Amino acid sequence: MSLMVRRQIPILIVFVTALIIMADYFLQLPPIDAVTKKSWTSSLVTDIQNWGIVLAAFALGFGAVNLSYLHTRHISRRTKGQWPFSIWLLLIIIIFAVTGIRYGATSSTYSWLYNSSYFALSATVYSSLGFYMTSGIYRALRARNLESMLLLIVGAIAIMRNAPAIAVAAPIVINMEAWISAIPTTSAQRGIMIGAALGAIALGIRTMIGRETGFLGRLTEAEKGG
Amino acid sequence: MDFNTVFQIWAAALFTIWVYSIAFRDNPFFKFAEHTFVGAAAGHEIVMGVDNVIRCGWTPFARGAFVYAVVFLLGFLLYTRYSKYFWMSRYPIAIMVGIGIGLSMRAAVTAEFIAQISSTAKIKVLGVDAWTGFSNILFIVLVLTVVYFFIFTFPGMHGGNLGIISRFARYGMMAAFGYSFANTILSRFNMIFGRLDFIMSQWLPLPGAMITFPVVLILLVYAMIPAEKRPWPKPIQPG
Amino acid sequence: MGGSEQKGIWSRLENVPREILYGLLLIAFIIPMVRPIGFPIPISDESKRWYNWIENLPDGSVIMIDFGYSGGGEPELGPMAVAVYHHMFRRGGLKAIAMSTSTEGPLLWEKAMAEVNPGQYGAQYGVDYIHIGFITGTETAMAAVGKDLRATTSTDYKGVSLDQFPIMEGITDASSFDTLIVYTTGGDQSEGWVRQWYTPYQVPYLCSTLAMMVPTMLPYRNAGQIVALLAGATSGQMESLVGKPARGIKSADVITTTHILVLAYVVLGNIAYYASKASRKG
């Protein structure tokens, strides 16, 4: 009974939910509504999707919960060089959450808070990788064999095309880049996409039939055996 | 310009400079900015999560869709994963996983499999000029070899005479990755330009910014000196 | 003595401190920003294709726009979104209904609209454009909105009932829309819209992503599932076509100088490596 409640029923839920959603897409299962001409699965799937949105909204709080666990430990242990920053981090979470919930996510107050801090930080963190890339380009990008030579040559042509002045001065790079984009890049990416799609379909089926149980999280010894 | 806007620009500029300082050395200003970012991200997710629960959950519930009471309960059950009743969180997760599998699998077959294969099959190799014909043949061969490379991973399929297939696939992928690499440079440099443009066109023209800028840089350089070599503040000695 | 000096030079060149590499990069950024050179920007066929698609839409067409990018992608995708909004408003006769699959989307939409200033075109919120809010769940959100928009959200991003806005009259699901435009930093989103809107409903899809994501989206473009695919970094081209120069055009000089520097780094790094290797053997 316990194993059924803890493991089998969640797997069954995955199976049934996925099956209903796929059935609605491919089939018109009777009874069909005479007015809307839609199957009974249509309104059920609409509801399920909307429930999924609400559940996903609840899941957005996980980041804050995990961070709180981690940083309260740092604070309680007075981790050297870390605990003052942990206090600041938890304070920021509280400030953002209270301001956003109190004034509204689209209020001018919250917008001001967002633009003063989060937006600038987000934009800068993303862009700072450009510096590491530059260092990597100088130190690590070597034409050691045919494959890396090919990567470098194609990359160099694309870099020249991306630089507007070079593209205007030497229009041949535009044609070369167009060919590289249309032929080797698209074809290789298509091959990768087809392989990945097959893998995703296989993973989906394995999850539905209970062969993949990663989504269950940690398993007890009894559950592992089952 | 009003005080709120000025403060906003100053705060954003200082955070930008502090984050960029990590490219040179770790320092307490960067750590401060980093922790602000992580905290702000988590706080923002909470805000938008609450917003969605209200707009997409509470609103229909208040209009009579009482089944959402069960959905709210399931939502709270998600957080039991941190307790000894962690198995309860599997129910809402199962619903989300089931939805995800159903939605992606039903369309992936068409979008990423059939459409891609039929598009490849429609490519003309005859009745076109020599260069187009060669390019199209190369296209088809690359798609087939790359699919082979990823599907047939059991021993023996990449060795011996069959090795040429995977080698050709790797060359094709290297060309694709070279293109991706160039585009990544474009992307990142564009982002850096965005931030530098903000600093130069919005912050530096503000009163006091031109004087503050070198002071901030000097403080950063000082903060990058290892704690034990800094004249002040001294690191706290144990005991 | 001469030999060991040579080895030293190449070895030092191979191990140039990162401070020098970053410093030169910053110089390559700052010089054209301080003294713009005004390099011309070639307009690609893809940019023209996107522009012509919007230009040739019949009056009364309804466009769904996903502001699915985060603050990190704003420097690249923000200018593109602004340029396209300028085009839509200047052209007139189109209804732009925006939503967000990214948590920062509504705030970044407000930022973009502040830059566009729709009032200059006589465009009104709720009549010509609207934002129906962030909807979580990525593909679940796309599928839900596509299947039954009103059942998914009944308010705009500020919580005002959609029934109050003339633009939302007759808008029920994906079939109510004539074009989908997506700005995103996430592969889940850009690919998800192909699966959830193009595949079931055949809504024509214009996609703008980060430049680094373009290669992964090329197969969809090649198969005709996407009408036009543009990197946000090419927003300068869109600004040229629309006649509204802004950040995109401003970045052209900087992109040229920094890319030339990167090419120099690649060449120099390889020369230093091989010369150092040869001098170690010798």
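Order of writing sets the chain letters: A, B and C. Residues in each chain are counted from 1.
As a working rule, a residue touches a chain if its C-beta (ideal position, glycine included) is under 8 Å from a C-beta of that chain, and two chains touch if they have at least 3 such contacts.
Because the structure is a prediction, the values reported are computed rather than measured.
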For chain C, the least number of touch steps when starting out from chain B: 1
Most contacted chain pair (by C-beta pair count): A-B
Central chain of the complex, centres being mean CA coordinates: B
Chain located farthest away, centre of chain B as origin (C-alpha): C
Distance between chain centroids, defined by C-alpha means - chain A, chain C (Å): 18
Chain A and chain B: spacing of chain centres that average the CA atoms, whole Å: 7
Residue list for chain B, restricted to those that touch at least two other chains: 23, 44-45, 48-49, 51-52, 56, 60, 96, 99, 103-104, 107-108, 112, 116, 176, 179-180, 183-186, 188-189, 191-192, 194-195
Touching two or more other chains - residues of chain A: 25, 47, 49-50, 52-53, 56-57, 60, 104-105, 114-115, 118-123, 125-127, 131, 137, 152, 155-156, 159, 162, 181-182, 185-186, 189-190, 193
Shared interface positions of chain C, touching two or more other chains: 18, 22, 72-75, 103-104, 134-136, 140, 143, 151-152, 159, 200, 211, 215, 219, 222, 233, 255, 259, 262
Residues of chain B defined as touching chain A within the complex: 4, 7-8, 11-13, 15-16, 19-20, 22-23, 31-33, 35-53, 56-57, 60, 67-68, 71-72, 74-76, 78-79, 81-82, 86-87, 89-99, 101-109, 112-113, 116-117, 120, 135, 138-140, 142-147, 149-151, 169-186, 188-189, 191-192, 194-195, 198
Interface residues, chain B side, partner chain C - complex: 23-24, 44-45, 48-49, 51-52, 54-56, 59-60, 96, 99-100, 103-104, 107-108, 110-112, 115-116, 118-119, 176, 179-180, 183-197, 200
Chain A residues touching chain C - in the complex, by the definition given at the top: 25, 42, 45-47, 49-50, 52-53, 56-57, 60, 104-106, 111, 114-115, 118-123, 125-127, 131, 134-135, 137-139, 141-143, 152, 155-156, 159-160, 162-168, 171, 174, 181-182, 185-186, 189-190, 193
Residues of chain C that touch chain A when the two form their complex: 14-16, 18, 21-22, 25, 37, 39-42, 70-75, 103-104, 106-108, 110-111, 134-137, 140-141, 143-144, 147-148, 151-152, 157-159, 200, 211, 215-216, 218-219, 221-222, 233, 236, 252-253, 255-256, 259-260, 262-263, 265-266, 268-270, 273
Interfacial residue positions of chain C with respect to chain B in the complex: 18-19, 22, 29-30, 33-34, 72-76, 78, 103-104, 133-136, 139-140, 143, 151-155, 159, 191-192, 194-196, 198-200, 210-212, 214-215, 219-220, 222-225, 231-233, 247, 250-251, 254-255, 258-259, 262
